[in-house]
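Two complexes come next, and they have one chain in common, chain A, joined by chain B in the first and chain C in the second.
So, the complex of A and B:
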């Protein structure tokens, strides 16, 4: 039953996906700036013929409709074209960078939930206590601070001044790590490579904290306010009147209800985790999809932008579906 | 079985201490039904919550004693108090729509009480079905796995009563159990409470603003006004021969079968006072048609008006 619904939902998201592809295909072409001009540089020792030759080689001289048809035909066969700046297949670039982005996003999500939820719950239970006021004050800061600023601040304090954490990258370049999943933390555990685990972890901390800070603040605030609201409900009082311990009342009766709005908000914030990584990956030199997209936009590397946005789209759709599935388990009133 | 002695409940608020309940003393024998009647804000629900110690302890000051079967409930450790809740004394709430937990199915919520108190081990399911049958939920086998939102209001209230009955408590506290329900459903719930009282000899304290309901179900009635009991006694005495001006006002404001005799319904002028700003003396005196000088100065002393019939009124004394 549920599987059928999930498949149905996936099929329903295909039009959205197609629209995304169309939008990005045309948007990159309407961007000011020409890829060939950027490639050839501004030296001036390039002839008009060479430019024309380059254009036709890249297929950029064809009418835009034909270009689109070529792109769709290629994409359907799993060929997303070549990067004009990195001389690599776009699919290879995506495979190289995507695990880094996923690792960073998951770490940020985990960081936000593991700290945000307990803080929110505790603040709600001890409403108006100094812990509550302090944590809500900090979460206000967390929402207000832009990621690039927080990231640079983190580098200045923990890398430059204290030398506790590295400034950029995913792994110490002197270390070797056999890749299985592409998630370095997981791979180093799977291969028992403890030196790599330590290095991967220290590299991950600052970017993950920077990316997750805003979500952490949002999770703490939402879980607090929904918990406060839920604790006022009669069913909490009923649970107490049955003779349950206060901890059981909070975790068994109040929390599952408070999680429902929290999960909704986290689902909506998935886009922030994916989109926000462009800034964070750039600040920390994290070799992921976000940094690749930023470079490709600067270089007008159309094929890479298209491929990356397609991948973002798929990830976003799947993440939302996952949130919806989790939601049905939390709320018996909702089915997919 | 239950003796409430000089119970006072004060809430700590931003504007200082507010007395929600003052000097309430009540007595309930086994198998009896006691009604506490009053307008909203009269402190009647607070009395029920004080019995089970369900009021938030850091914001509330409790005075007096509540003796249940020889034990002072206020002297119990939190752990011992939890053993009383749900097993010895259980509670039915006002609004069934918000009293059941939306994320657990009905069967789970009924069985939880059994699990907490370790009763009917291994036979929880049979006991849950039996309870659902008893409170009148049709085809329990099909409904036991349903969620609260799949139940109607009346069925939800039956499920809540099943939860309350699970461990066969000796005392049932019913806080406005019919207020949120349709009139026809109200009558069914009242019948159900009466049946429970007869078959299990469960004592019941019914809190309601509905005098007709209290008249129908209760053997004794206490009338509360602004946190104090103003009159208490056997139900038929309170209904036939009320002595306190407030009780009289209440009675002439409600059509009661066999009592009102086609008389015009009247209203009590004025409004219920704010608990944070109670008038001095008898709290009812600003609205009382008989009020005199002494009523505004001193809180009335109890007056015996008959067998087990007591009221607090200066007019009655003089």
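So, the complex of A and C:
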């Protein structure tokens, strides 16, 4: 039954996906600024002829409806066109940048959950203790500051002053790493390349913490408040009065129920992880999809914007679906 | 934070006549964190309004002989430039003071426009339901599916830089929350006896909404407005940081942070100090918003 529902949900999201692609295709062409002008502008002496030639090469001289038809025909064959600023196939650019974005988002998610959940739960169990007050104070700070500024503070402290961590990139340029999954941490473990593992890890720490900070604050706050709520319920009191150990009460009876709101909120925040990375990737020169989108929008690189937004859409839909699936497993009362 | 204090639900505002606002103010005085938040916001408002009087220099006055001057307390700093200068020799304090104008006006007006649009659409959709409700709700669902920042970046790339464009770009999506709040509230209130009674008496829909239903959600709206302003200020700073906010010559906190990024090693103050300005303002707004929520609407705490 569940598989059917998952497939059904996937099919339901197709119209939205198609709508997004159409919207993006036409919207990028409404952006002021011409891609060829921007590209040629810095080149110095360019004749009108050359500009026209470039434009026709890119198909930008055709009517917009024809351009769209060309785009659809290409996309159906897996061809998303060329990037005019990087003279590469869009599909190649996406394949290069996507794993970097996924690695960063996963690391940020893991960071937020591994610290946020225990802190939130501990704070709920030991309400008003100094740990509770301190962590809630910090999480309040976390939701009140822009992520990119936190990242800059991190660079200033850990890179510029202490020289512990690198300021940008994913890997020390002197190192070589055979790529299998594109996730550098995983690849370096798989190939037993310990120097690369160390380098990839130190490059990942600051961006992941920066991207995950807001989510960490949110997770800590939500898990605390839902745990406090659950601990007040009758069934928890009942479990206690049956003489169960406090740890058993907390982990077996209270925690599963307290997790439900947390999962919901994490799901809602997937957009922040995927959207926030545009900023964080820009700050740390992280060669991912987010930075690619920002650059291609600034350069009016139509084909790249389209391709990247398509990939964003797919990722976003799948991530939401995944959250829904986790949600139903945690809460059998609700079906997809 | 007294997020889950078991304070009794406040009496319905309608029954309490004119007193709830007075009560709110009194309770705010009893919650130090909310009071601190209110004071911070007030200070920022004064600074933004009185910027020309407070700023020691013009925010765009360049002095190439005084580039990269550190803040007064650091080695090499001078009292001429209390917070130092940037890579163009512009006075950082003056730019931070003027930067408050962009952040506050974008935060305030984008939320007020969203409030207006969202409330009106939400009221109509909730009260009359039918095709209007179906269409607007569908549009809202569609917009919610797009990550906010991606959406805003796109909108700014199309509209071009400027304060007004920032307000528009951020409002296009921000009305949805107000829409959903009012729509839900009106649908649940619509069938209650007092609304039925008003309808029997022949009072028109808009009057019923404004006179009967709105007072019930006004507290939730105030809380949502407050917290959203803080969020919008961060969004504006993010867009300005990416170079998609205001034109380069207008001082904005986000673009100031971006400008100092390349010189972090030698001039840490250019990026960090404008960030502190954002942090304190948003902190003040969040403190006030969360305290208002604790005081007025314990039900809202579970959401977020």
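As a working rule, the second predicted complex is superposed on the first by the 333 of 336 C-alpha atoms of A that agree within 3 Å, B and C clash if a C-alpha of one lies under 4 Å from a C-alpha of the other, contacts with A are read in each partner's own complex, and residues count from 1 in each chain.
One rule holds in what follows: contacts are C-beta pairs under 8 Å (C-beta built on N, C-alpha and C of every residue); 3 or more make two chains touch, one makes a residue touch a chain.
Computed from a predicted model, the values in this text were never measured in an experiment.
Student: Of the partners chain B and chain C, which touch A:253 in the superposed model: first, second, both, neither?
Tutor: A:253: touches chain B, not chain C.
Student: One more residue to check, A:49. First (chain B), second (chain C), both or neither?
Tutor: Touch partners of A:49: none, neither chain B nor chain C.
Student: Counting only touches as set out at the top, which of chain B and chain C does A:221 meet: first, second, both, neither?
Tutor: Touch status of A:221: second partner only.
Student: By the touch definition at the top of the document, which applies to A:148: first (chain B), second (chain C), both, or neither?
Tutor: second
Student: A:293 contacts which: chain B (first), chain C (second), both, neither?
Tutor: Touch status of A:293: second partner only.
Student: For A:279, is the partner it touches chain B (first), chain C (second), both, or none of the two (neither)?
Tutor: second
Student: Counting only touches as set out at the top, which of chain B and chain C does A:234 meet: first, second, both, neither?
Tutor: In the superposition, A:234 contacts chain B only.
Student: Which chain makes contact with more of the residues of chain A, chain B or else chain C?
Tutor: C
Student: Common interface residues of chain A with chain B and chain C?
Tutor: After superposing on chain A, no chain A residue contacts both chain B and chain C.
Student: Give the list of chain A residues in touch with chain B in this complex.
Tutor: Residue positions touching the partner: 233-235, 237-245, 253, 256-257, 330-333.
Student: Touching chain A in the complex: which residues of chain C?
Tutor: 1, 3-4, 142, 145-150, 153-154, 157-158, 160, 230, 234, 237-238, 241-244, 254, 257, 261, 264-265, 268, 271-272, 275, 278-279, 282-283, 286-287, 301-302, 304
Student: Considering only the defined contacts, which chain B positions touch chain A in the complex?
Tutor: Residues 52, 54, 82-87, 90-91, 93-95, 98-103, 105, 112-113, 116-117, 147, 149, 160, 163 of chain B touch chain A in their complex.
Student: Applying the document's contact rule, which stretches of chain A touch chain C when the two form their complex?
Tutor: 16, 19-20, 24, 27, 30-32, 136, 140-141, 143-149, 152-153, 155-156, 160, 218, 221-222, 224-226, 228-229, 261, 265, 271-272, 274-276, 278-279, 282-283, 293-294, 297-298, 309, 312, 316
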